[in-house]
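Below are two complexes that have subunit A in common, paired first with subunit B and then with subunit C.
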Partner chain A sequence: MRRFDYAAPTQIFEACALLADRGDDARALAGGTDLIVQMRERGRKVPLIVSLRNLEGFKGISQNADGALTIGAMASGNEVHHSPLVQKHAYFISEGAELLGSIQIRNRGTLGGNVGNAAPSADAAPPLVAAHATASIVGKQGTREVPVGDLMVGPGQLALEPGELIQSFTVPAQPAHTGTRYVRHVPRREMDIAVVGIAALVSLEDDLATIKEASVVLSAVAPTWPHATTAEQTLRGQQISEKLLADAGEAAAADSRPISDVRASAEYRRMMVDVYTRRALATAIERAKTAV
Partner chain B sequence: MAKVVERPQEKTALRVANKPVSRIDGVENVTGATKFGADFSLPGMLWGAILRSPHAHARIRNIEYAKALEAPGVVTVATAADFAEDVVEPTSRPHNVFAGDFALFLGEPVAAIAAVTKEDAEAALELIEVDYEPLPHVLDPEDAMKPDAPAIRHGDGGDIDRTEMSFHSSVASSAEDLDESGNVSSQVQFSRGDIEEGLAEADVVKEGRFTAAMVHQTYLEPHAALAHYTPSGDMKMWVTSQGQFYVRDTVARLLKLPAHKVIVQGTAIGGGFGGKMTLLAPIPAILSKKARRPVKVVWSRSEELVAANPAPYSVIDVKIGAKRDGTLTALQGRVIMDTGAYPGSPMSTATMLLGSCYVFPNMELEGFEVLTNKVSVGAYRAPGAPNSAHAVENVMNWVAQALGMDPVEFRLRNAIKEGDRWPNGQPLPDVGGVEVLEAIKNHQVWNTPLEQGSNGKPRGRGMAIGCWSGGAGGSAATIKLEADGSFSVLVGTINLTGSTTSIAQVAAEELRVPLEYVSVHQGDTNEAPYGPVAGGSQVTYTVSLSAAAAAHEVLRQMKGIAAQRLGADVDDIEFDDGKMWAQGDPERYVTYRRISDEAVGSTNGPIIGTGHGKPARGNPGFAGTIADVEVDTETGLVTILNLVGVQDAGFAINPLSVEGQIQGGTIQGVGYALLEEIVYDEDGSVRNPGLLDYRLPTAADVPNVDTVIVEKHNPYGWKGTRIVGEPSIVPPGAAITSAISDALGIPLHNMPLTPERIVMALRDARSNGRSNGEPTS
Partner chain C sequence: MDYPLQLTVNGVAVKRIVEPQIRLLDFLREDLGLTGSKEGCGTGDCGACTVLIDDEPHHSCLTLAVEAEGAAVTTVEGLVTDDKLNEVQSAFVSAGATQCGICTPGFVVMATAYLRDNPNPTDDELRMGVAGNLCRCTGYDTIMTALHSVIDGKVELIEVAPEPQELVPEPEGEL
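Let's look at the complex of A and B:
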């Protein structure tokens, strides 16, 4: 591991200024479960690390007056996973957070870090995209709101200016009869990384047999966390049936743009998008039926 | 606790041996108090870092490191030039600390730097200028065997040093060592009877071509070594290694130092499994000799996965024939083993082991060790044997199915026994293959029909057996009687598996004292008597004999003093529980403590005894596995429902330790079967150099491993002891893959059976119209 400088400012403007001034030479530390490993094992050089741990307004999980949920970027994987608010509001965000590494890793790793690391295989980010969450971005120019789905532009790349930081996420209130599910395919049961991940959100009509709205977001099968738009269109307004879910699975597979790498071939990934989309939707629908 | 299948022999006289005992060093280990290799430091110490070849194959035209020497903190640089006389190609890896004129794999050490901090050393690596001429490379052994393949060896080289592989197996395995040519660095053949006739008289013949991936031993603790070349010319070393004397001899040879001037303390070791020998130690040694300061080097996990010495990839063809009544008639086999950039693979053992469990009247086996531009391979727990068992045992199950026979009955009918011959012609001593099969036959899991689950996922059952010859090296142990009547034992072997606890049990049993009265110390190479490498499952097998002999020598000296004091004949002295007395008069005794006092005050001086031991021969250990699985056919994910490990331990000195070994080996077999694989990119780089993508099974992937210890007396071991460490890893890969094959109704030929391989095999079977058919090949 190379030498690096370390700063842990208490003021947001200070953190933003440090990061802006040093550009590519600086990285924000929001847990370090990706960054530090890359520096130790893969020789990544980061001359300046700016820790976000002392910043105000980056922590905590709370419900707003309009029913939306705000999750601080520095909320740990375990905090998000165990939060009753998150579980009640959008269960699949809790499910995705539960898959970040091990229990120990989840004590360090954060939701903001998972999004900020911008790995196509992220587990906690796709549910945020599927739930139409926005990110509050702070920088020297002030604050702006960006849909999480627009944040990632490619592996390791976010649509942020130098010195901008994700402060929190806002997850809008969900309609009645909404159910969610995040599920991923991994060769081993724990301590793994998604080969395919599917975040599904389904809102039903009052008849509990018709799909009003569906959101299907893919992980690890594209350069970003895209919506499977054809699959979503396939589902919208349709009666629930096995065939519908099978069609949605096939559509999602066609929507995916996987690559072959050490974890799986593109062909296998596409097959798994089909299987897991079907399974994720089935669970989300079951949850929607029992949701208040 | 393991179920122990009782031998008929009388065991009631035993007080310490054959009893389950927690590891004496256990509390220290689990509380983090134990000091492992990387935990040792010295004042003024430098840190070393290693520059590695970025090419799979290249000529090294020049190395220029003047700029690196000027970098902050850098003290010295070492290259192959520092070992100039020893670089001979081709030869084994331990002779090539650094690449010489050629880099033969991506990751091969080219130079090393010693600097004040680890960061300084790593940063300065970039300043070493190496002029490489990249050469064509070859990664697949079957490609490497083609006449137009790039030649990996340069020049005609010297003899191949196979010392390291010989530690693991005491049995000469090659019937006929054939000439090597091209990239084939070794070739063997074994034959018996007439293979064509044997196949002709068979009613059923099944065959398959099997691959087993390159896997890493993945000991928890990476390589680490600290060397201090002192002003008086001693090379003092603290090294995590399975063999401190082997490290000493290697460093002494490479640095041209007398053996007694190289003083190696083998530290507590965080696993080795055959892979932790001398790869690293010469580097801090040469750096320290040049810098005249202590130097420590600790590998990262990625260095381990790219450039250590993993277990080999192999391609094995097996064809087996049997008569309708279940009698085997023929075995044909061909092993292609990828040895990587240097010879030294377990190819000949793997080839021979194809014919190690059953009597085949006709047999034709051939094996090829093939060089490629990948990291050179080393030993991994029963080296080569899991690969062989994977092929043979799957085909045996297919033959049994085609015959309509129970696979255990089929095996019992043909199981190898005392006096039968292995492919190398050696008659076997009394092995426990039959007893292991009977333990499987009697096991509750085997006798409970496997019911299909309600979730629609097919279930299957597989079983397999396997064996391992093991080592039988010579050792010595020294025992002292201490002032209070307790004893200390000094050995030179590494406590890799809890052997220290077993040795303490042996000494306490022979000396007739409670276990708490005995401590075992592992001295450095100058203090301790010689002991062999902790490999080949041999430490407890051989040191139990030398420790018992040392105890006998100490007792002989003690009896002399007791006889004098009691006025009795020395031959009439009896002893137990820390006391000695003359036969028939146990009330008038002398305590061990008093004997110690008397000895120290006598002209003979204090009591100390050294014993020597070497088992008269190796005696193979047999193991078996039962596996029940459930397969998600859409995703290819496998759930292991039941996993049973059976092993013949001869005489379990510490049944708790034996059970731990069976569980550990079986779980490593799960990794072989389902998850583990080092994957290479076309350029020769490892694509998964970390424990995220090199997948070990986690606790969540492994069910409880039910264990059965069989005790078939071994006449060459202490009270019947046999080798224990290795056999348990041999059959589980075969049993688990066979269970998956059974569940899906299709033959499967690869390890590991990753979810993707299973899904693709099912798809191929469907397109061939053979789903849920009879497994044939």
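Let's look at the complex of A and C:
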């Protein structure tokens, strides 16, 4: 690996200032499961690495007084996956985190890194978008809240200024009778990258037969992690039926904008969006019926 | 600029000056002489470099040495206590669960941590647990045999000749 300078500040303002001052010459290091590989294998030049490992405010998972959940950007994949708070609050965030590589990768890789890396095929980010989570962005100018769904502007690109960092994610409290599911299609079960990923969140009316609110977010079938808005409109206020889920699956397929690449053709991906949207919704609805 | 690094490796306190681009894997192998941990892919896919950092399995090829500041690192060498191999190590020997041997230290470290946290996994869970470790010789059957013998409590610990695990000494006047 090329020689670089390294800093591991303990103060957030110090980390932001270092990154802002050095601009494109500096990168923040979270788990390093992508960055280190890029620097070694692809010769990516990074003159200054700013490690986030000593920033206490970026760590931990906690529930707030208003019932919302805050997950530090430096929470590891395994921390998020195993967290009882995350599992109770929004199970599909735990499900998405479980799919990040192997156990070894999940011990290093972080939730902030999965979002910050801005890969269209990310597994842990789409559930955050579907749950209407916001990201706390810190920078030299202070803190701002940005919906996670607005953070990614394209593959590898975030709507952040130089020196801005994702400190944490806040997942709002969900209404009663809410169920969630993240499911992906991969040719092999483990250590693979999503061909299609679907994050579904469904809130039911008290009758447990009518959909009050639905959120469907797509992975690996668009340049970002978009809501399948037509599918969501199809579901809202409707009685649950096989036909409704089939209609939603078709609508989600039409909402997707997949490309053809080494993993799958666009046509195949679109068909899988249909299938996996139906499956994700069916599980989310089952979970909503038994949720308190 | 070089960085002072303090950590514990296999129970021994270590102080060194390191360059920031040195990976923990290189630091263990080259600076300390602990060559048990292997480099397979160098990209976090094969798991041959797996070590425990504060008791949890990590890829030492994706970890900068400076990022292990203050940590307790355990390598495959550190799993031997009182001149006895641990259960997983002993099971690998008894089952002959090794061919070329490059993947063995990573498998042993990963399986030791996995079975500590999940002492009674199903075969399917066990396979997912070590999914991040690849055997290029495809010798998975004997590896699974070895791990199942640990789960079934059928492993006799194997004694090894006392081997001084001395680290390469600290260069004079570094710190």
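Everything that follows uses one rule, which is that the second predicted complex is superposed on the first by the 292 of 292 C-alpha atoms of A that agree within 3 Å, B and C clash if a C-alpha of one lies under 4 Å from a C-alpha of the other, contacts with A are read in each partner's own complex, and residues count from 1 in each chain.
Definition applied: a residue touches a chain if its C-beta (ideal position, glycine included) is under 8 Å from a C-beta of that chain, and two chains touch if they have at least 3 such contacts.
These numbers were taken from a predicted model, which means no experiment stands behind them.
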Touching A:Arg40, do we find subunit B (first), subunit C (second), both, or neither? both
Touch check for A:Arg3: first (subunit B), second (subunit C), both, or neither? both
According to the stated criteria, A:Arg108 is in contact with first (subunit B), second (subunit C), both, or neither; which is it? second
Quick one: classify A:Arg53 as touching subunit B (first), subunit C (second), both or neither. second
Subunit A residues where the subunit B and subunit C footprints coincide 1-3, 40-41, 189-191
Listed in rising order, subunit C residues that touch subunit A in their complex are 1, 3, 19-21, 23, 42-45, 47, 50, 53, 56-59, 62-64, 66-67, 69, 110, 113-114, 128-129, 131-133
Of all residues in subunit B, which touch subunit A in the complex? 118-119, 122-123, 300-302, 634-635, 637, 674-675, 679, 687-690, 692-693, 695, 697-701, 754-756, 759-760
What residues of subunit A sit close enough to touch subunit B in their complex? 1-3, 40-42, 185, 187-193, 261-265, 268, 271-272, 275-276
Can you list the subunit A residues touching subunit C in their complex? 1-6, 8, 29, 31-33, 36-37, 40-41, 49, 51, 53, 78, 101-105, 107-108, 189-191
